[in-house]
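All remarks here apply to the structure that follows.
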Amino acid sequence: MSLDFSTSLAGRRFPNPIFTASGCAGSGKELSQFFDLTDLGAIVTKSIMIKPRSGRATPRMAETPSGMLNSIGLQGPGIDLFLENDIPWLRDQGARIIVSIAGETVEDYAVLARKLRHVSGISALEVNISCPNVENRGQVFACDPATAADAISTVRRNIGGELPIIAKLSPDVTDIVSIATSVVSAGADGLALINTLLGMVIDTSSMRPKLSQKTGGLSGPAIRPVAVRAIYQVHAALPKVPILGMGGVACGRDALELVLAGASAVSVGTATFGDPTASIRVKNELEVLCEQRGFNSFSDLVGYAHRAEDANEHE
Amino acid sequence: MSLDFSTSLAGRRFPNPIFTASGCAGSGKELSQFFDLTDLGAIVTKSIMIKPRSGRATPRMAETPSGMLNSIGLQGPGIDLFLENDIPWLRDQGARIIVSIAGETVEDYAVLARKLRHVSGISALEVNISCPNVENRGQVFACDPATAADAISTVRRNIGGELPIIAKLSPDVTDIVSIATSVVSAGADGLALINTLLGMVIDTSSMRPKLSQKTGGLSGPAIRPVAVRAIYQVHAALPKVPILGMGGVACGRDALELVLAGASAVSVGTATFGDPTASIRVKNELEVLCEQRGFNSFSDLVGYAHRAEDANEHE
Amino acid sequence: MAREGWAMINPKAEQITSEILSNKKVGSYNHMVFAVTDLAAHARPGNFVAIAVGGPASSMVLRRAFAIYRSSIRADGQGLLELVVAASGAGSTWLTSQKVGDTVDLIAPLGTSFGIPTEPVRSLLIGGGYGSAPLFALAETLKARGCRVDMVLGASTAAKIYAPLEGKRSVSSLTITTDDGSAGVQGRVSDVIPRIIKDNDVEIIYSCGPMAMLEAITKIADSFDVLHQCSVEESMACGIGVCMTCVLPVLQDDGTIRMTRTCIDGPVMDGSKVTWTTSREIPEGVWGK
Amino acid sequence: MAREGWAMINPKAEQITSEILSNKKVGSYNHMVFAVTDLAAHARPGNFVAIAVGGPASSMVLRRAFAIYRSSIRADGQGLLELVVAASGAGSTWLTSQKVGDTVDLIAPLGTSFGIPTEPVRSLLIGGGYGSAPLFALAETLKARGCRVDMVLGASTAAKIYAPLEGKRSVSSLTITTDDGSAGVQGRVSDVIPRIIKDNDVEIIYSCGPMAMLEAITKIADSFDVLHQCSVEESMACGIGVCMTCVLPVLQDDGTIRMTRTCIDGPVMDGSKVTWTTSREIPEGVWGK
């Protein structure tokens, strides 16, 4: 029997579990040069804000051992131009679309949700709450259960009952399970784990922080053990909440690791910078690995590492 | 003029700023096969507990991209045998000794401090508070400002006024500055930053967590950007509190990065596993880098990356 | 934005495993030849390649960009790409230490190329350090179009001037400057350019080199009201337009200044449209600031 | 603990840059020869080497341990170490793909060695897969001491039996077992050992191979009351005794069972003193549990 490689996330079905990661696939156009976007489970768009954003000054990146720092600062055209240009184009390609939104205030999230409410052709919203909350001394929404829940419940109220909400959490917290629990109570249908870790590189020639904004987000294989841990912990605590996993996935083995920890789908981010077709390769390799392990359905592998030590092994 | 490579940490002077990292240098004997222990600024001993500890079952480690996970579980002989065997031996070598202690209850820290109070030949105590607090649902001491302060003030009270206390913090917190501030108020003379990050690896063959205890501590170059960020943040907030930096240092450049961020001394951990003489190499390389930059005194480099953007450059 | 349709983003780019056919030290640089497909036929002067570095277990997750020095199809049909690589950090040091017969993962051709005038014009090509690399192929193309080509190459010291004999064939004059005077005129390229522009009545400048040099050339070009196409060099994480790390503030056709990706809307850009800035801040007036 | 003074911890170990002199595929393995200093003279059967893998920009931070197959000093004084390497994961695959003339960073000799009886005894050497590697040099040593040496090698399939002709010189009998029957007896080493022990009146068993095999052999050895020295294989982060990752529960002279480092108090250990456990828990009775 052949493998059913489709997955379900927050009530939606996707033909396969490999997605792009927000901010790591441009508008989709750039990658469509290298492969057909419909070959992926979904395209997750770069987090969009209400207004056009220049992002931060350069240098915006620094390579680190098995990873990189970025401080793009959410450069983008703003929601109106995004809905005018990017979404129709992706829809024309036949790609499944997950729109990522980001705000600086709770009201921002409300506005964005209302703008997206009646847009057709979107499979889900990914709500990036790893942004500084300008109303709360710049503290990141995702760093506090209450402000995280605030942002999510606001989206829930404004988006209506249709579109699934995936809350994207930051790993830079003392207790990620409490944040996860809080946003799920606030109406999140799924969780995206993990966003980047806060890091810094100092240029030992100039003897100053390398990035113009000093700190940046650490991504890539270096952080994979943190992603696996976060996904495992959250899946153990909230086994029914679907997880979109990400963090350092560069091959099928890596994706499988996140799936076994509890991810129902996996986004490929930084790996795409080193290899434009990384996501397609990850997808193909993961499919083979699932088959080799004798599973008929991808969904049986989700969270499989949680089974009891003495559980009967899968035949 | 030649470089003054000595450093001062929590009121004690060390001939150079490169130390071993707790848990990464055995008892010292094993490394003394490869170099003279007095060539390092200090030897930081493996965290010792009150009683003998078997540590955790194997597998205790997993390699990760540019890093590794460990879950040794503080295997050790207990404080009495440690004081009987390890300390006299290190003292005989002429090594400068920083003793790391770890407890499961606040009272453990009190007992350990009292046992160490009158031991001669110790330069400082490193208090590892990244341990589960059995009296508080296993929550790690270092993850909460109050429990972290509890452990430190207990050590302070029991150690007397003589021996400097360096509190070793975990990076797995939402706000490391608040923890740092709290332990300094509680009597810490210095801070050790950072302990390992909580991570997990899943074996994709057995489809279970690779480590017997599932999670482990992530160390090595992969985490260096997190260490630099933590040191930079804490030094910015508490510029007068000396920092013993660590996390992914494998060469002189890496050590310099931590120093520029604010570390007065740097411990070399995981790198020693890949290269027994790593700490000596780091020391020699760092010395050259300091000289090349025209500094007369190592201490002028500590926190140098914090100077104002328009500050006059060092001549 | 200048770029309109998605079909225009690197339409000829291919990702291939490429064998190193030659690797020779020339002054401070390594001249390296790579076996490629007939993508070589599509590479234009100014395009770059992106190479994965460090081997299968590499800790370096990002590609390195290199300007194409020459691209050609050998008589036997084998496509060739030639690069000039300075061993500076870990990635380029790894690349230059690869041996003939070793293979690398390479994507090319990427980015914009130098605009070639349809009429014969008097051109000045200016390169700093390995920035001379893309200029020789450009010189050939311009020469073939009947253009006059003068060239200025500058570097800190003689060993960092890359100017092989065969490369200089198409050049009417070559002026060299070095900071230490070890070759040519002591000084910077900007010291000698104004006179060359005047003497030869230069109509267009092409440049490639460090950002500070490009900025200085832009000022001179603007003061003489001469066109200036420069190949910029910003840190690039992806090289294919998906990461937004490589941006510069560039004046758009709609009058806005936008943070523009130098990997797909560059590396060749109109110098006068770039807001050159040394401060680590977004300049005033940039769209979305 | 068996080991008393610090001076006894790997007293002859050296860290060197070592050139690969030969690298040949033999069945499933690579037989590799490394140029070393006269540390080769200090290596004893059972010792291992620790090699850094992945090159200068490696993402692999830990060394890999390999049992020494042979160590010798060539006529011209050149020290040689020979290893048998199975390309399994990223590190060993990197190592086996290095070419003759490439260099690696290597530390040797490390760990304990097989104890050699002072009197001639009847010995049985048992290897699983590449676990045969250290047994041939041991066989030579035993033979030179007048011991009878029988050998059993087992693996899943014929290609995984490493038993070169020159290695077998010192062996009185060689029995091979494979799971799939592609060579020798179909089955496991434990199926054939009891008969060999009885037939040859074996006094001491030396073994090297997977942990499950060593455990099975320990049971048999104990049942026949035969000495059993085994070379264990636990994941090692450092190989020099500083990390505590490589431990096994081992009975000490003072009667306690302690989590003992297999890199410095092993890899060769007394099989009957090891608490073999497949559960991922510390067994009851271990000191400090």
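We call the chains A, B, C and D, going by the order they appear; numbering starts again at 1 in every chain.
In this text, a contact is a pair of C-beta atoms (placed from the backbone, for glycine too) under 8 Å apart; a residue touches a chain by one contact, two chains touch by 3 or more.
For clarity, every value in this text was computed on a predicted model and none was experimentally measured.
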{"item": "Pair sharing more residue contacts (C-beta pairs) when B-D is set against B-C", "value": "B-D"}
{"item": "Mean-CA-position distance for chain B and chain A (Å)", "value": "33"}
{"item": "Computed distance of Cα centres, chain D from chain B, in Å", "value": "35"}
{"item": "Centre-to-centre distance between chain C and chain B (centres being mean Cα positions), rounded to whole Å", "value": "46"}
{"item": "Whole-Å gap between the CA centroids of chain C and chain D", "value": "55"}
{"item": "Residue list for chain D, restricted to those that touch at least two other chains", "value": "59-60, 280"}
{"item": "Residues of chain B touching at least two other chains", "value": "65-67, 220-221, 309"}
{"item": "Chain contact topology (line, ring, star, complete or other)", "value": "complete"}
{"item": "Chain B residues within the chain C interface of the complex", "value": "65-66, 221, 309"}
{"item": "Interfacial residue positions of chain D with respect to chain C in the complex", "value": "53-60, 90-91, 93-94"}
{"item": "Contact set on chain B toward chain D in their complex", "value": "23-27, 29-34, 46, 51-63, 65-68, 70, 72, 75-78, 89, 212, 220-221, 250, 270-277"}
{"item": "Footprint of chain A on chain B - complex, ascending", "value": "64-67, 69, 143-144, 172-175, 197-202, 204, 207-209, 214-215, 218, 220-226, 228-229, 232, 248, 253, 256-257, 260-261, 289, 293, 301, 304-305, 307, 309, 314"}
{"item": "Parts of chain C lying in touch with chain A, wherever the complex brings them together", "value": "6, 9-11, 13, 15, 52, 59-63, 105, 107, 234-235, 237-249, 258-259, 264, 277, 279-282, 286-289"}
